[in-house]
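Listed next: structures, encoded as structure tokens.
In what comes next, chain A is part of two complexes: it sits with chain B in the first one and with chain C in the second one.
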Partner chain A sequence: MFTEKEINNRIKKVIMHSLELNLHEDDFLNIKNLDELFGMDSVAIIELVIGLEQEFKIEIHPEYLNSEIFKNMDTLTAYISTLMNRKMGE
Partner chain B sequence: MSSKKIFALRDLSAFFYLLPLRMIATILPVRIVRSIGVLIAYIYSTLSARRRRAIEKKLMVVFKDTEKINETEKISKQCLFNAASTYINDLILHRISKKDLLKCGKIMGLENLENALSAQKGVILVSGHFCGNRVAKRFLSEIGFPILSIRKKPFSNPAMSMIKRKYLQPIRFKLFNKIVQDYVFIEDDYFSLKILKRLRENGLVDIHIDARNSSHLIECAFLGTKRLFPADFLRIVYLTGAPVIPMLCIGNCSSFTIIFEKSVEFHKTSNKDEFISVNLNKLVRILESQIVHHPSQWLPMKRLSFIHNVKTPS
Partner chain C sequence: MIDDIFAHVTSHYPEHRAVFDGKNNFTYRELYVKQQQLVRYLIDELQIGKGEKIVLFLPNCVEFILSFFAIAEVGAIVVPLNIHLKEKELRYYIEKCGISAVITDSYLLSQWGKIPSHLQAIQFILFDKLDILSKNILNSLSPENDFHPSMETSLDDEFLYLSTSGSTGRPKIIPRTHYNVIAGAENVGNALEVTNQDMFLSVTPFFHANGLSNCMFLPIMKGASIFLMRQFSPRNMLRLIQENNITVLFGSPFIFSTLSDIADRTFCFPSLRFCLSTGAPMPKGLGKIFFSKFGIPVRQLYGSSETGTISIQLGDFPEDESSVGRPLNTVTVKIINKDGRELPPYEVGEIVVKSPVMIKGYVDEPELNKEAFSNGYFKTEDLGMLDRHGNLYISGRGKKFINVAGIKIDPLEIENVLLSFHKVRAVFVTGVKNRRGTEMIKAMLVAQPDCSVSEVIAYCKDKLAEYKIPRIIEFKDEIHRDIMGKVAW
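== the complex of A and B ==
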């Protein structure tokens, strides 16, 4: 089982790598919505989705490709944790 | 800062189209509206001498060294006729029954689309602004191939009159929403997530390669001049591996043809920036070829802004 903290840290790494950002732990605390990271780059979120799928070896079902899941770090972490724990239980 | 003009003379045609003509088109039988459309298109293409000349000037560059250079006068008139007919088609498109629509459409290369869909990665259709696009999309939706269109919300041009900004533009926007029902606005939050969702559902997404609705534009040689083309969609291709099929839709509500070409074979590269710069040009060449074969069907041909700065060949 992965803890939410572990998953959260890995998501942060994916965000920095996929979006080519150089952020510190504190910077993430100030981010209320993930779209703040995307700026004018309309395709950045696809880079993030693909990055997450590669990192966690999962596939995000089309049903969950929505703004609710990708709203902020908490919603994304909760979703990935559920997926990972389900995967571990299989 | 917005214009202080209440009404501009050039708003008259938009006013006539969006109010009396649109209302008449909801009452009269479709065949009569079509006849009215033909008449209006004929008058417009005959009287718009300045636009015709400007189109001819562009066509001379496009067709230099070819036999078609002798047909520029005829083609320029046809460009204006088709453009005006497309506006009338927009008024009656939703009124045409499925049965009638299926009778007047022809598809070529459907096997190319089906082959691409068999990869289960969705398909990105790349098209230009051709006359038959909207009727083709309705037709394809009716036969089980709904297409997600990418659109831009109307913007408030500071030069617009108050009447156009407050009344005419919203009516045109509503009319357009009724015609193109399956769409996403590029201004929407997470709009590219909706594109990914459609592709993951093995659906179709249409990208107008001659639109400039992109945060990343690249200049390419085009029809004897240079033009900016959107590049971001190629990042989506690079990331998702979705096949890309060039689509051409020509004709109108009475008779139209949809052509699906074979999936584009992209040059493989080591990084996405190189992938975009190498392959965008390939897609632009396909569009160019479609325009050269069907010049009067390409709607931006009539825009004067597209034509300026073009030197007539000596």
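== the complex of A and C ==
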């Protein structure tokens, strides 16, 4: 069972790897929303979704692609945690 | 003319499914009725007249299709624009094209910022307020006895203004006539043998040349069916192909790459006749990977907004992925050297094209037109060669744009925006290959010490569509340019 902090750290690594960003983990500390770090266009979101699905072995429903879930680390971490808990409960 | 084609197809296949999106279905007759309502509204309520330029600011949706054919019938000119553009970018098109009206939806109106209040001469038509899609009236209408305004249009009348990235920091406007648009779809339709039994999955945006011509107008022209995919999701796409017996899929290398990524097993799509990749060169090896998972080759399609589709790779699954196939029947391709002399097979030179879809010149660009259009041919600035069978191979791209998932972006446009930020002193923007072999935008900046990535992005977000914002931003002490002006990075 992963803690939210561990999930949060893994998400940061996925973001940096999937989007090939030239960033350090500290860069996430001073921002409120993820779109402050990169242009969050549809290509970036698809790349992020694929990376998250592969990392956490989950499926992100397409209806969430436009939602506020991807706005910041808190909402994204909470969402991924929910999906992982649901998967463990199955 | 284009509206006549729509009426003709409707009279032949009135009850055939034309468009659906998973929630709403429209037969050709139902679509026609709605289109006629919109025509009446444009003429009677808004007095839209011949030659007026009307922006379509919509995603892939029924409203876009209805508006396209309604504007054709009214004799006006369609100007489809990318729905991610911001106010500053949209102002450019208003001035460049002389826009008199915009058809959009309420949720997209905020992209226009202060334009509706500052430029009150421009009529903003919010389609969701018109209630056309939900009304069930005018059932007596049919193409045989419908309402036809007395607009005299000819095949040579301008009908469509497309936008293409320049290398000067400003997009160019490509004016296509009714004839150009029809010829373009006819070319591809004949090559793919499209019939009314085909089912297109239309995800390529209709505001781009390829999406509009090949994924919207072509299927309608042939009486085929369109499944509208407003937003791309690889998982959703696989499900839709299966559930709806899709026969034709146009996409970009990014789409085919992500489909290959998420496919955790092999798939079988017996209905799928064609997967066509457009917008950017296929990265090496992607075709083989896709074929191993889906059992269907991805065919490369090469074209330009100026000429329409030039060639499609239609032979047996090619061993050499770099070929873009033979030119279509009505298209002539020559390879020329710097002096304009035609080169024999296997010699590399500039690709020049003649096509019935080819425009005569960009809007208001006389100097550029002299360079780009010569002796009846369009100079693509791409380098390539023909083999002895007439197959075309691209070996280099002359134009300096960055290709992000099939969308061509002028780096100079981004540099100009970045340079206008008070904290930035020098800038260089370029495309870099990502792990998929496609491009992303990188900006190198010389800036004040207190300038941060998030500030730069926040500044760009106000002035540039999201897809133009650099993915990688690097701060440098200086940007070295050599004597040729090239940056060593």
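One rule holds in what follows: the second predicted complex is superposed on the first by the 86 of 90 C-alpha atoms of A that agree within 3 Å, B and C clash if a C-alpha of one lies under 4 Å from a C-alpha of the other, contacts with A are read in each partner's own complex, and residues count from 1 in each chain.
One rule holds for everything that comes next: a residue touches a chain if its C-beta (ideal position, glycine included) is under 8 Å from a C-beta of that chain, and two chains touch if they have at least 3 such contacts.
All values reported here derive from a predicted model rather than from experimental measurement.
Participant: Which partner does A:22 contact after superposing on A: first (chain B), second (chain C), both, neither?
Facilitator: second
Participant: Mind working out whether A:31 is in touch with chain B, chain C, both or neither, as first, second, both or neither?
Facilitator: In the superposition, A:31 touches chain C alone.
Participant: Please name the chain, chain B or chain C, that touches the greater number of residues in chain A.
Facilitator: C
Participant: Look at A:55 in the shared chain and tell me whether it touches chain B only, chain C only, both, or neither; answer first, second, both or neither.
Facilitator: neither
Participant: Looking at A:4, would you say it contacts chain B, chain C, both, or neither? Reply first, second, both or neither.
Facilitator: After superposing on A, A:4 lies clear of both chain B and chain C.
Participant: With the two structures laid over each other on chain A, which partner does A:67 touch: chain B (first), chain C (second), both, or neither?
Facilitator: First partner only, chain B.
Participant: Contact-wise, after the overlay, does A:40 reach chain B, chain C, both or neither (first, second, both, neither)?
Facilitator: Touch status of A:40: both partners.
Participant: Just to be sure I follow: which residues of chain A are touched by chain B in one complex and then by chain C in the other one?
Facilitator: 35, 40-43, 46-47, 49-50, 62, 65-66
Participant: Flag every residue of chain B that touches chain A in the complex, lowest number first.
Facilitator: Chain B reaches chain A through residues 186, 189-197, 200-201, 214-215, 232, 235-236, 239-240.
Participant: Quick check on the complex: what are the chain A residues that touch chain C?
Facilitator: Residue list for chain A touching chain C: 19-23, 27, 30-31, 35-44, 46-47, 49-50, 53, 59, 62, 65-66.
Participant: Could you please specify the touching residues of chain C with respect to chain A in the complex?
Facilitator: 84, 231-236, 254, 258, 261-262, 404-405, 434-435, 440-441, 452-454, 457-458, 460-461, 465-474
Participant: Provide the residue numbers of chain A that touch chain B in the complex, in ascending order.
Facilitator: On the chain A side, the touching residues are 35, 40-43, 45-47, 49-50, 61-62, 65-67, 70.
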